[in-house]
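Per-chain numbering from 1; labels A, B, C and D assigned in written order.
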Amino acid sequence: MGAVVNLARTDADELLERYLAVRARTEQLAGPLSPEDQTVQSMPDVSPTKWHRAHTTWFFEAFVLPGAVPGYRPYHPDYAYLFNSYYEAAGPRHPRAARGVVTRPGAAEVGEYRRAVDRAMGDVLAGPPLEARTAFLVELGLHHEQQHQELLLMDIKHVLSCNPLAPAYLSLPPSPAGSATALAWLEHPGGEVAIGHSGEGFGFDNEFPRHTVYLQPFSLASRTVTCGEWLAFIDDGGYRRPELWLSEGWATVQEQGWEAPLYWSRREGTWWVFTLLGQRPVREDEPVCHVSYYEADAFARWAGARLPSEAEWEVAAATWAEPTAGASGASDAAVDAAVDAAVDAAVDAAIDPSWLHPAPASTAIFAGDVWQWTASAYGPYPGFRPAAGAVGEYNGKFMVNQYVLRGGCCATPPGHARITYRNFFPAQARWPFTGVRLARDS
Amino acid sequence: MGAVVNLARTDADELLERYLAVRARTEQLAGPLSPEDQTVQSMPDVSPTKWHRAHTTWFFEAFVLPGAVPGYRPYHPDYAYLFNSYYEAAGPRHPRAARGVVTRPGAAEVGEYRRAVDRAMGDVLAGPPLEARTAFLVELGLHHEQQHQELLLMDIKHVLSCNPLAPAYLSLPPSPAGSATALAWLEHPGGEVAIGHSGEGFGFDNEFPRHTVYLQPFSLASRTVTCGEWLAFIDDGGYRRPELWLSEGWATVQEQGWEAPLYWSRREGTWWVFTLLGQRPVREDEPVCHVSYYEADAFARWAGARLPSEAEWEVAAATWAEPTAGASGASDAAVDAAVDAAVDAAVDAAIDPSWLHPAPASTAIFAGDVWQWTASAYGPYPGFRPAAGAVGEYNGKFMVNQYVLRGGCCATPPGHARITYRNFFPAQARWPFTGVRLARDS
Amino acid sequence: MGAVVNLARTDADELLERYLAVRARTEQLAGPLSPEDQTVQSMPDVSPTKWHRAHTTWFFEAFVLPGAVPGYRPYHPDYAYLFNSYYEAAGPRHPRAARGVVTRPGAAEVGEYRRAVDRAMGDVLAGPPLEARTAFLVELGLHHEQQHQELLLMDIKHVLSCNPLAPAYLSLPPSPAGSATALAWLEHPGGEVAIGHSGEGFGFDNEFPRHTVYLQPFSLASRTVTCGEWLAFIDDGGYRRPELWLSEGWATVQEQGWEAPLYWSRREGTWWVFTLLGQRPVREDEPVCHVSYYEADAFARWAGARLPSEAEWEVAAATWAEPTAGASGASDAAVDAAVDAAVDAAVDAAIDPSWLHPAPASTAIFAGDVWQWTASAYGPYPGFRPAAGAVGEYNGKFMVNQYVLRGGCCATPPGHARITYRNFFPAQARWPFTGVRLARDS
Amino acid sequence: MGAVVNLARTDADELLERYLAVRARTEQLAGPLSPEDQTVQSMPDVSPTKWHRAHTTWFFEAFVLPGAVPGYRPYHPDYAYLFNSYYEAAGPRHPRAARGVVTRPGAAEVGEYRRAVDRAMGDVLAGPPLEARTAFLVELGLHHEQQHQELLLMDIKHVLSCNPLAPAYLSLPPSPAGSATALAWLEHPGGEVAIGHSGEGFGFDNEFPRHTVYLQPFSLASRTVTCGEWLAFIDDGGYRRPELWLSEGWATVQEQGWEAPLYWSRREGTWWVFTLLGQRPVREDEPVCHVSYYEADAFARWAGARLPSEAEWEVAAATWAEPTAGASGASDAAVDAAVDAAVDAAVDAAIDPSWLHPAPASTAIFAGDVWQWTASAYGPYPGFRPAAGAVGEYNGKFMVNQYVLRGGCCATPPGHARITYRNFFPAQARWPFTGVRLARDS
C-alpha cells in the first residue's frame, strides 16, 4: 500500500501484544451485551454486535492468514460470505441490510471463531519477522478493528434506543456536573499551508499525500457547540425556519419530523437524552452530539458562522492542540494525549464510562469529544492512490456524497485518532457521535 | 361472548391441567432455539419467538387476571405496550414491524414472565369455580396460544430460511419415503346444506352461526396436491404463462420472480426444499406446501379444476372425513383423530417431527397435512356477532382482502383444529403451511 | 363466448346506428376537455382521456376488424402496443402507470384514428349480415366503450381535482335543492332465490350462470346513504374511532389522513365538495359519493347495520325496483327506465348535467345514483366460464381482492347498467362514484 | 445582491431589446411542441414546458414588477402558488413532483400570461432609468430564463424519450459526419491561481468572490470524451466491473440496470441514441452525453485518468480557450465566441439544430458541447454571500450533495455561459447534457 508510508518497524513481540490488546478490547465492549442485543440490526446502517465481532476477525482471515500461513484453511466455508462487508474483490457477500436476520452463528460461536483466528494470528505474530506487506495488513487490521469498536458502540446505542424500555448499555453513576469553557475564536492568517499525513506512523490511504492548500484568513471556535447553545437554537425556532437550512436539509427535517438532535425527547417541558448509560436530562455544558450535517450547517448559519473546511480544521488543530509542535506527526501525539486524557480516569475498569458520553465541552479537548462536521465533501487528495489489492476498497470507493468529520469522539479507541484522520458520513447521518465546531471568515 | 356457545363445563382441575399442557408445549417448541433465534423478525409478517412467548402470556395477563385476581398488578408496567398485538381497546402498542428491534426482555426474562403469570393463573384455576366469562377467556387464551404455537413454527422457519447457512430447527433422521395415494374425486350432489359451528365444544366467533347455504353439485379431490404434481405444473411453464393466472397473481410472479413454491431452490437440475429439519430434495409424494392463493388458483386452472368454496370443503369434510358422523361436533372429533394420527408416532418426544413437515399426501388425512386454500373470501357469516369486549377484535376486523383456508397442518397443535375452523391469510402469503385441494363442478 | 347467451338478433342497420351513437357519445364527453386535460394521468389508476378514446377504438381494431375485413391493416403499427390495456393474449403493451407520459398521438390525432376505425366499422356494419362471433364482439365493444365513458368521467374528475385552481369540467347552473326521501327498510324473507343473468339481452360473462343461492331473512334500506347522514358520522368521530373499522381500513385512514369522503374539504367550518361542475358546498340531501369499501363498512357498523351481499342486493332490486316484474330481464328494463329518468331532462344537450352529479337520494332510484358497495368479494359464480379468446381476460382475471358494487351511477351511460351487473373495485378505491346502501338481518 | 458586482450600466433601450429577445427565444423553443407535449412531467426532476414558460414569467412578476410598478396587481391570484419553484420566502407553492397534473392554465393561456407580463415589463423598461436593485433583478430574470431555456430542452427530451414512438422534437436533416480531433494533454504547472468571477459583467452569486487556490501540477484533455471512446469502455466491460466504480455508483448501475449512457439502446448489435431530432445510430466522433457523475468517474478510472477539479478546469479554460486573455472577463468573451461558433450556422432559423445535439468533439470548443463533470462538490467559495432577499435562495441552498459541471452545452443559450459559470447536478443525474473531460496528475 504505497499510500501508507513509513510502516512502524516494530518487532513481532510488540505487534503481538498490540494485537491481543485491540482484540481483547472488542470483547470487553461486547461484554455487557446479551446474545439478543448482539443479534439485532435496527436499521440498514447499523450492524449487529456479533457481526462486528465476526467481521473484524474475518478481516485477518481474509487478508493476513492466507498469505502468512501456507495452506491456511478458513475456519468455516461460509463465513467469507457472511462476514465480508463490502470488498468486491474478496467475493460475493451477504446483503448489508440483511445482517440482522442471521441468527447463527450466535454470539458464543462468534467468540469461538475469534479465538481460533487469534490462535492462528498468534502463531504468525510470534513467528519469524513479517514481510512488509503482511505487517502492513496486520497494522491495517488493527486500525480497522478499532474503527469497528466505535461503530459497535454507536450501533448498539441505536439498537437500544429503539426499545421503548430504553435500556442502558451500562449502569453507572452519572459523571459530576461540569461547565463548558467560554467560547473564544482562534484566528489563523491563511495563506499556503500543508495538510495530510506526514508519513510518520500509521495513516489510512485517504490521508495521503501531504500537500499544499491555500487558505483565506479564518477563525475557529475554541470548543465545540454545547447543548445549551443548541437549546437556544431550538428555542429560536431553529427547526421551523426554512431560511436557515439547505434545501435538502429542510426537506429532511419535514419528512423525518426532526425537532432536536437524535436521542433527544421532551417530557413535560424538559429535554431528555438517551445515552449508553440510559435516559437522563440534557446537560447544557456537554457538547451537542448526534446531529446531521444539515443540522450542523443550519446551526452555523443561525449563529452567523459557518462550518470549517477540513483543511482549516487540520491546520488549526496542528497549531492549537499543541502550540509548540510544527509537524503533524508531533501534533498527532498531542491529540492522542488529549484523547487519552478523556479516557484515562479509570484505567482499571473494563469499560470506561468516558467511552459512553462526552465530557464537558472544553478548549482542552480539541479532538476527542465528538466528531466535528466539516464543510468539505469527502474526496481524494491531489495525488491520492488507493492501497493495493482488495484493501484498496477501504476508503476510495466511498468518495462521493459524504462529508468529512474530524477530531474523534468519546467512543474512539485511545490512540486511534490523529489530526490528519478523515472520518466521513452522509449528510443525513445522526447515529454517529457527531457534533459541531464553528468557523468564520476573519 | 355470545358467539361461542356451549362452553365446556369442565371443572377447574381439568382446565388447570390443560392450561399447563398448552403452556408447556409452547416452551417445548422454543426449546431448540437460541436467544439469537428467538429475537429476529425476518419480515414484518413474522414475529420473534420470544415475542410469541410473551404475547401469549400477556393475553392471560390482560384479559383474565385483572378480572380474576382482585388488585392484580401487571408483572411489568411496559409489557402491555410491548406485547399487545393489535387490540385497540387494550391500549397503545409497539408497532408490529418493529418487534424485531426489541432485544430486552431477552428469552430468559420472557421465561420468567411466563412462569410468574403461570403461577398467578395456577392460583386462579386451582381456586373456586370460575365465572362463565372468566372460563371462556381462559379457554380462548388456550386456543389463542395454540394458534401462536403454529405461528411460532412458521415464523422461525422463515427466519432460519433467511440464513445462507440454512440451519435446521431440529436435526432428525429423515422420515421414510412414502407414496401419495391415487387421486379420486368425491362427488357431492349439492342443494341446501348447513355449515358453521354446531355449538358443541369450543369455537371462535367467526365460525358462528351455523347456517344454511345452497350448493351446486361438485366434486372434491380425495387428497391434496403433491409436489410431484406441482413439478409437472412447473415443467409445463406454469410460472411463465400469464393465461393461467389472476392478473394480480401474474404481477406478483413477475415482481417477486417466483418460479416455484417458497423455500424451493434448484441446484444442478434438482429441486431442493428448506424445511425445519434443514435442506433436502423435494419428495414427489408429499403435499405441496408454502404456495400462495395466486399459485393455488393458477395450478387449479392449469389442472382444469378450481379451488373449492369453504362451504364445499366443510360439507365434504363432514361427509368423508368421518362417514358415519352427521353433526359437525362429531366430525370435529374425526378430524381431531386424523390430526392425532399425524402426530402420535412419538408421544414421548419433546418435539414430534411430524410437526415439522407433512406426511405423504393421503386420503386418510382429509385435514392435517397442509392448510387448504379455498376460493372464499374471508367474511362474516350471516348473523355474525363479534365476541364482547376487547377480544371482539380477535377475528372480525380482519374480514377483508383475505382468503379462507381449511383443514389444519402439520404444525397445528393436536386437538386444535376442527372441520368448522376458518383460518385466513392474504392472497400473497406463502410462509404459512399452505397447500391445495382441488374441486370441480359435477 | 358461451357465457353471453341470446345475442340480440338485430339487423345490421340497428347495430350500425347504435355503434355510431355510442361512439359519438364518447366524443361528446371529451368535448369540453382541452388537449392538456386529455393528456394527464393523475395517479396510476387513472387513464388520460385521449387514451380512453384510443383504447376503445383499438378494441374494435383488435377484436373485430381483423376477423371482419380480409387483409385488414392496422391504422398504425404501434397503436396495439400503446392502447392495449391488459390483454396478455393480444401482445405486449405499454405499462399502465406510464400512460400519462405519452404526448403523441395527441388528442386531435386520436380523433383521426377514431374516424378511420369508424369508417372501417361502418363498412362492416353496413355490409352483409355478421357472423354470430363478430356480432358478439361488436356488441361487447359497445358495452366496453360505455364502461370507458364512465371511467373517462371519473378519471377526468380526479385529474381536475388535483389542480389547485379546482377547474370545472362543465360550467352549469346548480341543480335545484331537493330533499332526500325518508329512509325505510324493505324486508325480504330469505330462502332459495336465483341470481345472475337470465340470458335475455346482453350480459358480461361474470353475470353467468344464473344460479340458486340461499339467503337468511334480511332488510334493505330503501335509499342510499346521504351526505347529511355522513356528516353525522363524521361529527360522531367516525374517522377517529378504531372500533368502527376493519383493521386494514383503520391503517388506511391513518396513513392517508382521511377525514371525509374523497373530494370533500372543510373551509371555515363548512364542508365543500369538488364536482365536475366545480367546487360547491356539500348538500345534505344528495347521496354520499366517493367513499371506499372501508368507509362504507365503518359507516354501516356505526349505523348498527351492515353492507348487503350482492345476492341480497340483486334479489331486492328485482323485487322492489319494479314490483310487478319477476324475471331479471324485465327488471333490467325497470332499472334502465330509472336510469333514463335520471338523464332524460335534456336529450338535446350534448352534455347532460345529471351525468355529473347524483340527484337527491330517493327510493325511486334504486340504481343509478351511486354505485353501491356490497359485502361480497368479487369471484366467479358457480359454473362461471370466461368468454373464449382474448376477451376472456375481460373479467375473470380480476376476481381477487376486489368487492362487488351494484346499481350504476350518474355517470353510467343510459341503458348500460342492469340489475345483474357486477361492477368491482378494490376496497380502498374512492375515485369511482361509490356510495352505500345499508342492510341488516331481519 | 452584493455578490453580483458591476452591474452592466446599460440604458433602458438596450435592456428592453435584450428582454424581448430572451423572452422570444423561449417561445421559439416551445414552438414545435403541442399542448400535450407541453403538459407532461415524465419524472419528478422534469418540469412541463408550459410550466417553464409560466415560471420564468412569474419570476419577473414576483421579483421585479411589485417594486417597479406602484400598486401592481398579479395577473392571476393563484399563479404565485402554481409557478413558484422553490422560493420559501415567496410563499407556499405547488409540490414540484405534481407539476404534471395541472392541465390548466393550458399552453395558450400561459402564452397570454407571458404577453401580459411582457407588456408590463415593457412599460417598466421603456420608462425612467431603473434603480440599481431593479436593474439587477431584471438582469437576473433574463439569466434565469436562459437557464430555463436549457432545462426546457433537456426536460422535453426526456418526455419524448418516454414515448415508445420516439417522436422527434424537430425533424431536420442529419448534420454531416465529422471526426473528433485527436486527444492531447494540456499541461499546467500548478501553484497559486485565482478562480471566480472578476466582477466584470454579470455573474451569479455562487461565482463570487474571486479567490486564490493552490493547485498541484496537472494535465487536462484537449477535448471531451467521444462516443467512440465510450464504446470501448462498454466493450471492455465498463458497466460490469465493480472495481471501476464508486460504491454508490456501482449500486446505482445494478439497481437501474445501466449498460450505456441514457438514451442509448442496442438493436441488432448497433448502438442507437435518442436525440431531439429522433433516433439515430451513435456516432463515434461526437462527445458522449447524458452520463452521470458515477459513469464519468468510472470511465476516468478505466482510462487511467481522473475528473478535473473545478479550479483546474477554470484555470485551464482561462489559459487555453483564449490564450491571450488574462482576466476572466475577457475569457468569458472567448468562450462566448466559441459557443457562438457552435450555433451561428443558421442565424435566421427559428430553431438552430446545433441546440439539439453536440458537434464533433473538438479542441476548438473548450466549452459549449457538453457540460463537463468536475470532481468538485458544489459548495460555497470562501467568503460567499448569497444575494439579498428571496433571490438569495437561487443558489446557496443547493450546496450539498451535488457536483459542479463546467463549460456549457449545445442547449445553453448563446452568450449565457462563461468560464466562471458553476452548473451543478446530483451524481446520479443523466438527463442534463452531461459529458466528460479527463484530467491527470502531471
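Just so we're on the same page, a residue touches a chain if its C-beta (ideal position, glycine included) is under 8 Å from a C-beta of that chain, and two chains touch if they have at least 3 such contacts.
Bear in mind the structure is a predicted one, so any value in this text is a computation, not a measurement.
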Exercise. What's the fewest number of moves from chain B to chain D, given that each move must go to a chain touching the current one?
Worked result: 2
Exercise. Which chain lies the greatest distance away from chain B when centres are computed from Cα atoms alone?
Worked result: D
Problem set entry | Distance from chain C to chain B - Cα centre to Cα centre, in angstrom | 39
Seminar exercise, completed: Expressed in whole Å, how far the mean CA point of chain C lies from that of chain D is 48
Problem set entry | Per-residue overlap in chain D, given as positions that touch at least 2 other chains | none
Problem set entry | Partner chain A, residues of chain D touching it in the complex | 86, 88-89, 192, 211-216, 218, 242-243, 245-250, 293-294, 297, 306, 375-377, 379-380, 382-383, 393, 397-401, 427, 441
For this session: Enumerate the contact residues on chain B facing chain A in the complex.
Result: 34-40, 42, 50, 78, 81-82, 94, 98, 100-104, 106-107, 159-160, 162-165, 167
